[in-house]
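Please find one structure pasted underneath; my questions will follow.
Letters A, B, C and D mark the chains in the order given here, with residues in each chain numbered from 1 onward.
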Amino acid sequence: MGAKQFGARVSRLEDSALLTGGGRFVDDTKLPGMLHACFVRSPHAHARLRSIDASAARDLPGVHAVFTADDLPASVGGNRMPMLVPNPAIEASLTQHCLAREEVCYVGQTVAVIVADSRYIAEDAVALVDVDYDVLPMASNCRDAVKPDAARAHSALANNIASTFRMGYGDVDAAFASAAHVFKEDIWQHRGGGMAMETRAVIASLDPSTDLLTVWSATQTPHIGRRMLADLLDRSLESIRVIAPDVGGGFGPKAIFYAEEAVIPAVAMLLRRPIKWIEDRREHFLCATQERDQYWTVEIAVDGEGKIKGVRGKLLHDTGAFVPWGIIMPYIAAATMPGPYVIPAYGLDVTVALTNKVATTPVRGAGRPQAVFAMERLMDRVARELKLDPAEVRFRNFIQPEQMPYSVGLTFRDGKPLVYDSGDYPQAQAEALRMINYEGFAVRKAQARAQGRFLGVGIGNYVEGTGLGPYEGVTVRVLPSGKVAVATGATNQGQGTRTTLSQIVADNLGCRIEDIVMTVGDTAAIPQGVGAFASRQAVNAGSSALMAGGAVRVQIVKLAAHVLGVSEDEIEVEDSIAIARGGNRPSLTFRELARLSQGMPGFSFAPGQSPGLEHTAYFTPPQASYCSGTHVVETDVDPMTGAVKILNYIVAHDSGNIINPLIVDGQIQGGVAHGIGNALLEWMKYDENAQPLTTTFADYLIPMATDVPTCKIAHIESPSPLNPLGVKGAGEGGTIPAAAAIIAAIEDALSEFGVHFAETPLVPERIVGALRTAGAYEKLGGLR
Amino acid sequence: MKPAPFDYHAPQTLEEATALLATLENAKVLAGGQSLVPMMNFRYVIVDHLVDLAKVKSLAGISVADGRMRIGAMTRQREIEFSPEVARHCPLLLKAIKNVGHRQTRNRGTIGGSLAHADPAAEMPTVCAAHDAVIEITGHAGTRKVPFNEFGIGFMTTAVEPNEIVTAIELPLWPQGHGYGFQEFARRHGDFAVAGAAVLVDCDKGGIVRRASVTLCGVGNTPLRLPAAEAALTGQRLDDAAIGAAVNAVKSIEPTSDIHATPEYRSHLAQVLLARALRDAAGRCGKLD
Amino acid sequence: MAKHQVSLKVNGRSVEREVDSRLTLVDFLRGELELTGTHVGCEHGVCGACTVLIDGRTARSCLTFAIQVDASDITTVEGLASADGGLNTLQQAFQDNHGLQCGFCTPGMLMSLTELLKDNPDPSEEQVRDVLTGNLCRCTGYAGIVAAALDAARRMRTGA
Amino acid sequence: MKLKNSFSVDLPIETAWKILLDIPAVVPCMPGAELLAVEDERSYRGQMKVKLGPVAVAFQGRARLTEVDEARHLVRVAASGTEGKGRGSAQAEVVFRLLPEGQTTRVEIDTDLSLAGAVAQYGRAQGVIADVSQVMVDAFAQNLRRRIAESPSPSGSGSAQEAVPAANAPALSLFSLLAALIRHWFSGSKDVP
């Protein structure tokens, strides 16, 4: 075997092009005759469409066409878009029209599309389209929206309840009745966004000679996109190719199939010209899906020692105007709540509310950060009330490693019983505490306080279902050139998919990593695919890469043994060469083997031999694999301004075996940054008419280089027994417990004033407001 | 987010520039473009003509004479940041300018542009208010000098008429060794301040304040001088009592609110930041940097 | 619509074009010159993905009209690579320190750090982070970028 | 967005009521407002120009008197307009209430203003809209008083044009209005000067 790639800090194969301006993002493609599109969007959160007069826009020089819903073919102009993850608990299964018909239900909803010589001219034309709106009452705040007399988000619906369901197990009421203590928290978490640096983008082009429709899209899910397009455009799958080239960040919102992704291809077919639409940042703030909007009222029952007897409560989830991705976020949130703790009884009543805001769909973490925040706030409350150390309360309640596999008692969103496959939660917390010198913190805090500084420490634990099925495929093919073509339905928005899959194929096939030519995110390269979400690609595609690489290796061994006239167990495969171990070590290169494997016209194959060196594997995981970890954060809070500085950020992370520590560390660090944004900065604000107010990067604040410290990361490796690599997902764990740990640390820093926080983002103004209410400034002798 | 159509003019001289502005309809002056162009890209600002001053070389430069610093309107923020004159004579400006946007925007942004844009939270107008700056404004009819307290007249609104150009800023200098303090609170590095305070003090050898200038930014529609705070400091030693008295003057102000902060929080911050700026100034007063 | 002639240097190459007044520099570079390494992230001057060097100084090419850079010297990410076409020291440090994930913000990051390292061959971490506030990254959490900048500075100083 | 404004006129309530209901004459008193057409005695088409710093917007639309209650001296107006360059729209429900104060009349204006589209998203200006509205109402009141002084007969609407010519209304540079606002700031008082 050559150098083993699995587990090595292999520097990324993606980087050279991206560092020299050679990346290929959707907007980098320029096709002959290409026109540019811009959408006319609703300025209202809720309105009836009376009429659309586009005549002035059509008359503007440089404008080629303006399309409304009625101008599109009925399949795409008349029908609502398909829902991705249906669920029987969904009462109002509403998705939007590609271009609005009769009613618009959020600001930014697509009403018409303009096609022009340039984006500049298309934007000029938008101002000339006269849309007559009859403004309707709107549902802005989800807590108001669920009241009986609330304005309805959709005029055709009787109320704003998209779904209600209960998740739980055990006798919750009995647990609470017999508990020594019961504590209750009201928790709210506001909307934020994925905010990839690259906005959404679509190019569509129909080749009249082959009738092949090619769509380039900045998407996490090209194969799902192709299926959607086949439905909406009434075309065969084979006549559509969707390419996700280099994609500039995903984080969830790019996993959705959007109206624009259907309209642009439809228009390209109507006009017989390639059409490009690049979402601008304002559109992204209005129309790319968002997340986190949840209100929790939860109670915890504990015994006198702080051991949990039960958890119960209510969760109100704002799904926005539509449910394109079903109700999986509140579902995941409800299933994530128990986390790493033994909770004998649990019950959560979930209400999903419709409002006149853009839909919420998964954003990095997908419901889990909210659940972890709720659970960890309860744990901190127990510690405070029972005067126990917060770390100790958690140690008393952890599921122990010897209890693995541990059945929580719930059904996860993959429809399978929620069973934690492996993990060592006490070890992760102990390691994180050791790294931050938790024992020495009290002294640090006291010393800082003597200098007028306020330090705090906070802990966040989580368990995350990752690696969701159904599958992700990998094809490995040895080319006549000797290169190894690898194709996968997995996609790459920065995760280093090419690098990690190349590592696995190199190890399991026995080729040089530089011989691999990888195609990701192209439906033409592999027939079936799912895409990037739910931290699933390492588990699914990684395992398929192992299987496909191994299968082709077997083919190589067979062929080489046959040609060299030795037995199969004599053959070694490494560095893209098959070598016989004995004699004078005769060998065949992959190039020679690939050519031999094609056969010769008129000659028969050896018995059992099949043409080509090629295999496609689709690994199908039996259920989710559960990664876990502990974050511990040390903050310095300025009580006078409410400013929070993160001094020290520790992550003890367990995502099973690690393919590439360089990349996993990068995923964690990036995830933490997103979590810091959620905890302290990012707040998508709307007014009482559901008008978005934070639609620039100067108003919606994502973390800068001065807001994110470099984390110290420890890896606990509890291999998953559920896949051949023993890996678990790592893309979201950095985000999930961040807010919980940070808010706890802020509260701890200000503990002498007795202030409590149960919201994110926790902005400086709220910190100051709480301190003022608590009389902190009198205690501190005034403002300074 | 592409700007609406306009025509572009690049006059070589101030005379050409003012002549253009006198004749063109719906024209706007382009300086560094770091505030104007975003608003054009959002189409909040739609103009028929842009008159770019970049080629009017006479408008750039920093000079000191007769106790005043003169900064040409087209002087880039970066040049101010690295100017030895500014460091020597006007340390408040140096301290403040590091908070203006980011290095990448300071390379292009100009002091004249900052003043003409007149964002209520911006640092440059705040320093001008603190220094009792005189703004030189030139139109086709001639040049006039406007004291800063008559320059900023509202939210992003100045005394500059549509056919006029800000051509220079004159800052009356304070004696060498004066105390100064600049404190602002922004959510992130380089963001517009939620609130801020700029302070100048001149103390005698015994540490008694002879003269004080106190300015807040972010709390009103323009930078606010606080005469009551200045009065409370003058003739006093810069101790906690005097600082407390000056800070008390903030309480009579009713700050603005927007999506980023309530009036209560802005008032609170203004008090904290003023106290801190005054302590900074106290520590520096009488020391020659 | 008003058109104007511009002549300038881009990555050492002389370029002459007729441009609309309102064409932004970034759209000019990407659309007219097909230098697509410079990216459009926000078009309001905050994200920094479009950062280029104008006469050696970083600037937002989304806040600059192409007509404004008449007679200027522009450097984009395509102009950074070393003479043999390989990665330059800073670019290599980005790869070695995992300073990029999706790579969309990367060209802007490289331009900002190129200017910093020219002005200050031995920056502190604080100075690096200060400069990087002009460039947003959503993937990396900045750790790899900061490490790459410090590593590149060290390599440039020591000639390693 | 709920706005409350008020002003007084030196007229007894019945006279003030008649003057204020002479819509074609009153509209030009509002800075930036222009009456484009009278559709019927209760419906009007008009334009409203507003400048917030560098941002100049112009809304065109309809206003309809939905309630005219002479006994209570109350007028309810529903107005809506679209910004001419595609930058959104504004909707307002305005209630004018006249209250006698001896020989003078106090006019109270309650506005429920909703902005939509780009104009609603102009984050940095959110806070000043209420201030600007009062400045505009003050200017309106001032113009109205001048109109009343110059033309005591409510039917003599011709002179309204002289008070603030419609075409110049937007040019009634908000500078002076905002200067008033600033003075109000410096006074440190919330009361309208």
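Note that in this section a residue touches a chain if its C-beta (ideal position, glycine included) is under 8 Å from a C-beta of that chain, and two chains touch if they have at least 3 such contacts.
This one's a predicted model, so the numbers in the text were calculated from it and none came from an experiment.
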B-C or A-B - the one linked by more C-beta pairs in contact: B-C
Euclidean distance of C-alpha centroids - chain C vs chain D, Å: 50
Chain A-chain B separation of Cα centroids, rounded to whole Å: 43
Inter-centroid spacing, chain C versus chain A (mean Cα positions, whole Å): 29
Set of chain C residues in contact with two or more other chains: 20, 22, 43-44, 130, 133, 135
Touching two or more other chains - residues of chain A: 120, 127, 280-282, 693-694, 696, 698-699, 703-704, 706
Where chain B touches two or more other chains, by residue: 1-5, 38, 42-43, 188-190, 192, 259-260
Listing of all chain pairs that touch each other, if any do: A-B, A-C, A-D, B-C, B-D
Touching residues (chain side chain D, partner chain B) in the complex: 51-56, 85-87, 118, 122-128, 131-132, 174-175, 177-179, 181-182, 185-186, 188, 190
Chain B residues touching chain D - in the complex, by the definition given at the top: 4, 28, 36, 39, 42-46, 117-119, 152-157, 159, 192, 220-222, 224, 252-254, 256-260
In the complex with chain A, residue positions of chain C that touch it: 20, 22-23, 30-31, 34-44, 46-47, 49, 76-78, 80-81, 87, 91, 94-96, 98, 100-107, 110, 128-130, 132-133, 135-147
Chain A contact footprint on chain D (complex, rising order): 1, 80, 85-89, 91, 114-118, 120-121, 123, 126
Residues of chain C touching chain B in the complex: 1-2, 4, 20-22, 24, 27, 43-45, 48, 51, 54, 57-60, 62-65, 67-68, 70, 112, 115-116, 130-131, 133-135
